[in-house]
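The following pair of complexes shares a single chain, subunit A, combined with subunit B in the former and subunit C in the latter.
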Partner chain A sequence: MDYGFRNYHPLTNFIYYIFTFLLIMLSQHPFFLFFTAIFMIFLNYLLDRGRQLRRWGKFVITLIFLFIIITPLINHRGSIILFYVLDKPITFEAILQGVINALTLFSVVALFFTFSFVINGEKLLFLFSKYFPNWALLTMLSVRFVPLFKRRLEEIRRVQQTKGDAHERSIKRRLKHGLLLIQILLTWSLEDGIQTADSMAARGYGLRKRSRYIRYKIEKKDMVLIILMSYFTGISIWGWFLGDNILTIFPILEPYFLQGREWFFFTNFIFLIGLPLLIEGKDAFKWLCWKRNN
Partner chain B sequence: MGFGGRMKKGKIEMLAIFFLLTCLLLLFTLFFHHHYMLTSVVFLTLTFIPFFIRFEKKNGSGRELVVLAILAAVASVSRIPFASIPSVQPMTFVIIMTGAVFGIESGFVVGALSAIVSNFFLYQGPWTVWQMYAWGLVGILAGLLKQTFFIETAIGRVIFGIVTGFLFSWIMNIWVVLTMVQNFSIEQVLVFYASSFPFDLSHALSNAFFLLVFAKRWISILTRFQKKYGLLE
Partner chain C sequence: MAMLETKQLSFTYPDQKQPALDNVSLSVEPGEFVILCGQSGSGKSTLLRLIKREIAPHGKKEGDLFYKGQPLEKTPPLKVSKKIGFVFQDPENQIVMDQVFDELIFGMQNIGMETDEMRKRIAEITHFFGIHHLLKKETHVLSGGQMQMINLASILLMEPEILLLDEPTAHLDPIAAKDFLHIVGRMNREFGMTVIMVEHRLEDVLSFADRLIVLEEGRILKDGPVRQVINQLSDEKNHTFSYLPAPVQLYFHYSTNKQVEEIPLTIREGKKWVQQLNVRLREIPKKSVSRKQTIYSLENVDFRYEKRGDNILKACHLSVQEGEWLAIVGANGTGKSTLLKVMAGILRPQRGWVKVNGKMLRGTIPEIGYVPQNPKLLFSSDTIYEELSNQIPINNRDKGRKKLTELITFFNLESLLNRHPYDISGGEMQKVAIASVLLSSPKILLLDEPTRGLDPTAKRELGTLLKKLQEQNMTIVTITHDIEYAASFADRCAMMFQGAITVQSPTEEFFKGNHFYTTMINRMTRGSNVPEVITVEEAKEKWDLEEE
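What follows is the complex of A and B.
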């Protein structure tokens, strides 16, 4: 049984991801993005103990440093010159820009790691089966074939292995060998697929409009959350329109610490990003209390 | 099921979309010339949606549906034997073969579908949409060039393989570039493309290699299957 944020309606979850993605792309401010990145790390830890994040950690960190290092080496705009590399000025503004780019990329990637935990395949298909029933059916069929084909591929590989091992060959032979396995898989599966299709026809596929099983229902808590999210996003877009969610870097750097009105928009932004954290935290707290009482 | 009967209507639709896109391009360059993100997403959706809806409206037979699902699943699984060789995977090749035998629409469907399906086992994210677009486009191109110089001859296939290989990787680079919308310069974009060049090259070359060595056999396998069961003609 799902709990916390995952227990909400798929549509509610999906709207959160769309809004958050939009706001991350709009709020190009290191302060905003830094906290987004931290929240995303927390969310990853809450949802799967950060396993996925750690697995991709090295790659992600390399990418971040690449952005932070390369941006000031190429971009020489800005007036605060820190030092010179090969007679080219390295400016504070450019480093800041690199940090912003890196944080944006990290936040988006970390956000969509959690997407896969919250909106699993079943929920995704549920979301689209209403408007695109053909595509949903096709996707379901295809997704079902993947594990089957993996097993078949392993079988084919073992049989082929008895004819000689492919590991120590040149790259050209390895490519050839690999695609040969796929080719065997293709011919085998195509012939087999006709049986699947005939079986579908025998059970009445295409006779009438297909019905679908509706497992999820929009409840009151979903409505509340959707209204809250729309409110926060609306305000944030207004803030973006006023220029408060963005750190102006070129031509003149504005003070990078938040001031005045910007705090209001920042709090508002953080509330939207942190909603799943709040929900997860609330449920974890309830669970803890329940355990203590029993 | 026949695709030929609707060809004329299809052509008019294509022209209409082309006209609409040209108008939009002018509009965006004249009035909104700093919203790269918005512009590209609008364009992406507009070129993409008609194909998507077209398949949705069509009432194909169960057999055709299963064959498309199988091709997409084979494309997704085809990465496995090449897992040890970085950025070499025959997904693009499988999609090209589908387009070259079963035509534009099937090429698009299998291209877009294999992006969805393979990400089911990895991660869904904004990149899924870009992959759907890029592979869908590769499928469409293969369908368009079906039975021409580019699919039939060895030199043509090598050229087509390299071009589509780079096309796919370059479209995928755009989404990373677009993530840093604000204040990026042309040099930055060039450096980014240069840093990914070795990977793109190895994808393109392996793609050309697969097309050169295997295309004939795969086309004959798929064509035989198509004729035997009268599918997607």
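What follows is the complex of A and C.
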């Protein structure tokens, strides 16, 4: 998938996620969060047609309702009392707080789904290999060896079946059989591991510091995006500092529609959150234009 | 100046009396293509590993090694690791990374190369090898042949001057092996790369090579230009004769006027020589083929490993007669191993059925003995004796012990009993594995690639032993890549293609009907003036040479 937001440098992508996560946590305002949630759903649909979101849909919705229901049951502060449950007041403010929490949670979860599509394992390794080269290599080796051992164990199990020990029912015998399989796996893998080590040594491993293959280059468009994102984030943090990104609930509920200056900060916030959508949209539009001209 | 030189090189492994290498002196010129051959344990691999300093075995070394006139010990490590490349036997074990691309750049990263340089070299090598389509794949999904190509490419990216190869094609099917050897041949011819290769299967590689070295018990037995060494080997009618490719054996058997330059190394040369022969077909009484009972039958078998995966076996039909030796041949990835596992009852097909002796097969049964491609999977004990005695069935100890002693003598394992099952040669391991399976007195023996990585002597020995078993009314089914082996030993052959058996017929008929998948002798004699045969033995049986 080499187009749209994923076509940017991993670092650019990563910075977007850090900033967005930060702003979601800071902007505790239902209006802000509601639009964030909608944007995240859109982004999920654009990146993988919402498959991941739907797979986890039930779980996420349950969690949202739990938040909305449980928060007012625990939190009884606030002045607008709607009704009583077991002699405890249920307040409008508490419900609103529950909604804010639920929206925050949903936005963060949906954001992380898109994170895994945009920054895949290879990009993540690339980001960290500069600072943790040994860990990066180790991770890459385990990526190969864990599935390899799993395949081998399955093979051993199948072959050992033919020796007739497999149908033992008692737990003790089965445990013993299992240990035997592991033992064969270890002996075999150690023996083969020596060959792998030889192959590494034969290609000069450990002679000097390994160089890094730089797959991605920071281009002009990355710089532009990073500056833009920093600008939006800076403004938003200023807004948070002024209290405009936050809906004050306790002790007195602030009007929940946006007013005056708040609109400026909202627009600014929504631009940052919506950047990937804009970029995907721009690329799709460009493609359409190109197709028409050809 | 010689590219590589050894002077009176001797090497002894720790705790061994017999030296693995004894006074080996040889010198390899730049651009030479050298083949090392000899029985397992003759010291070929030891010699190759001593040349590659990073992986040299531990032990007592005497004598000197020179790289371009300079002692190898004194050459800087970085230079040695770049200039001397090494390709190992097992395609999978030498792969380090998960992704093909990462595997290719692994060596270059180790020597600290810059990204731009790496990109340039990768671009060149993918073009030369034609492996664009593999770059983004995971390494474990590749076939053995593709893996070995990636391994070779990964070494060549470091731009070596000497390429060392330790039986690189032992695990590949014949087509993949040929492709691999062709690339090595091209590296030698087009780039003047020095190549030293240990190889058993000489038939495909002799036409590329300049020089053949035969090692025996750590000493150089023969050393010289390919045809001359072959000529010397033919003079002595001993075990080294079996190393020679079948066309060469045929040549020495029938040629009336032997000339060194005429020895056929390729099919083309063979055909040319055969034209000079004047052969009459000998009258041989037809062997009466008695219809035997069908012991195995597979009907419409479908198998896939994953719910949504492709069918590995697709409507597969097969029948095996009692007491016959059936060889299943076919390229890698056509489902041969899966078929054998289904026959062994290890895998249960999703559709169709397997019947043994008329009874449905459900799960593994003692009547069927199965030896996997990698016999190590069977072994779990520290010594071979323990391994074998653990396999004696519990219900009949006394009979089992008697059988064990019989098998030890039959397979000639006395000297190995106290060794670790991993510590023996490939041929011996195969014998131990078969013996351990035979202890439960099966009637059918299923063998997955029994000849993989064996030297010609071991192969022949295994073949004769299996033939003897067959005379005791054992039914044998083997999967093999080795066409020559199937042609000399099997009674019937079956070809596997896309998950089904496409042809099954008696061996002779089978190979005479194939155009590409057939023996060298058959390709040589097909459409020529001599009667068509498939093996040297068949020729000896049927040909009558007429003197002019």
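Here, the second predicted complex is superposed on the first by the 241 of 294 C-alpha atoms of A that agree within 3 Å, B and C clash if a C-alpha of one lies under 4 Å from a C-alpha of the other, contacts with A are read in each partner's own complex, and residues count from 1 in each chain.
Assume a residue touches a chain if its C-beta (ideal position, glycine included) is under 8 Å from a C-beta of that chain, and two chains touch if they have at least 3 such contacts.
Everything quoted here is computed from the prediction, not taken from an experiment.
K.L.:
Please indicate which partner A:E155 is in contact with in the superposed arrangement: first for subunit B, second for subunit C, both, or neither.
P.N.:
second
K.L.:
Which partner chains sit in contact with A:T187 here, subunit B, subunit C, both or neither? Use first/second/both/neither.
P.N.:
Both subunit B and subunit C are touched by A:T187.
K.L.:
Determine, for the superposed model, which of the two partners subunit B and subunit C contacts more residues of subunit A.
P.N.:
Partner with more touched residues of subunit A: B.
K.L.:
Touching A:V143, do we find subunit B (first), subunit C (second), both, or neither?
P.N.:
After superposition on chain A, A:V143 lies in contact with both partners, subunit B and subunit C.
K.L.:
One more residue to check, A:L11. First (subunit B), second (subunit C), both or neither?
P.N.:
It touches nothing on subunit B or subunit C.
K.L.:
Once the shared chain is lined up, is A:F21 touching subunit B (first), subunit C (second), both, or neither of them?
P.N.:
Only subunit B is touched by A:F21; subunit C is not.
K.L.:
Which of the two partners, first being subunit B and second being subunit C, lies in contact with A:I74: first, second, both, or neither?
P.N.:
In the superposition, A:I74 contacts subunit B only.
K.L.:
In the overlay, answer first, second, both or neither for which of subunit B and subunit C A:L207 touches.
P.N.:
It touches subunit C, and subunit B stays clear.
K.L.:
On the A-aligned overlay, A:I235 touches which partner chain: subunit B = first, subunit C = second, or both, or neither?
P.N.:
Neither partner.
K.L.:
Regarding the shared-chain residue A:L258, is it in contact with subunit B (first), subunit C (second), both, or neither?
P.N.:
neither
K.L.:
Please report the subunit A residues shared by its interface with subunit B and its interface with subunit C.
P.N.:
Residues 141, 143, 183, 187, 196, 198, 200-201, 205-206 of subunit A touch both subunit B and subunit C.
K.L.:
Give every residue of subunit B touching subunit A within the complex, in rising order.
P.N.:
The contact residues of subunit B facing subunit A are 37, 52, 55-56, 58-59, 61-63, 65-70, 72-74, 76-78, 80-82, 85, 88, 90, 93-94, 109, 113-114, 116-117, 120-121, 123-126, 176, 179-185, 187-188, 191, 195, 206, 209-210, 213-214, 217-218, 221, 225, 229.
K.L.:
How about subunit C: which of its residues touch subunit A in the complex?
P.N.:
52, 54-55, 77-78, 81-82, 85-86, 88, 90, 93-99, 102, 105-115, 118, 139-140, 151, 154-155, 158, 341, 344-347, 363-364, 366, 368-370, 372, 374, 376-380, 391, 422, 437, 440
K.L.:
Inside the complex, what are the residues of subunit A that reach subunit C?
P.N.:
122, 140-141, 143-144, 147-148, 151, 155-156, 158-164, 166-167, 180, 183-184, 187-188, 191-192, 195-196, 198-214
K.L.:
In the complex, go through subunit A and note every residue touching subunit B.
P.N.:
Touch residues, subunit A against subunit B: 21, 25, 28, 66-67, 70-71, 74-75, 97, 100-101, 104-105, 108-109, 112-113, 115-116, 119, 121, 124, 132-135, 137-139, 141-143, 145-146, 149-150, 153, 157, 171-172, 174-179, 181-183, 185-187, 189-190, 193-194, 196-198, 200-201, 205-206, 246, 249-250.
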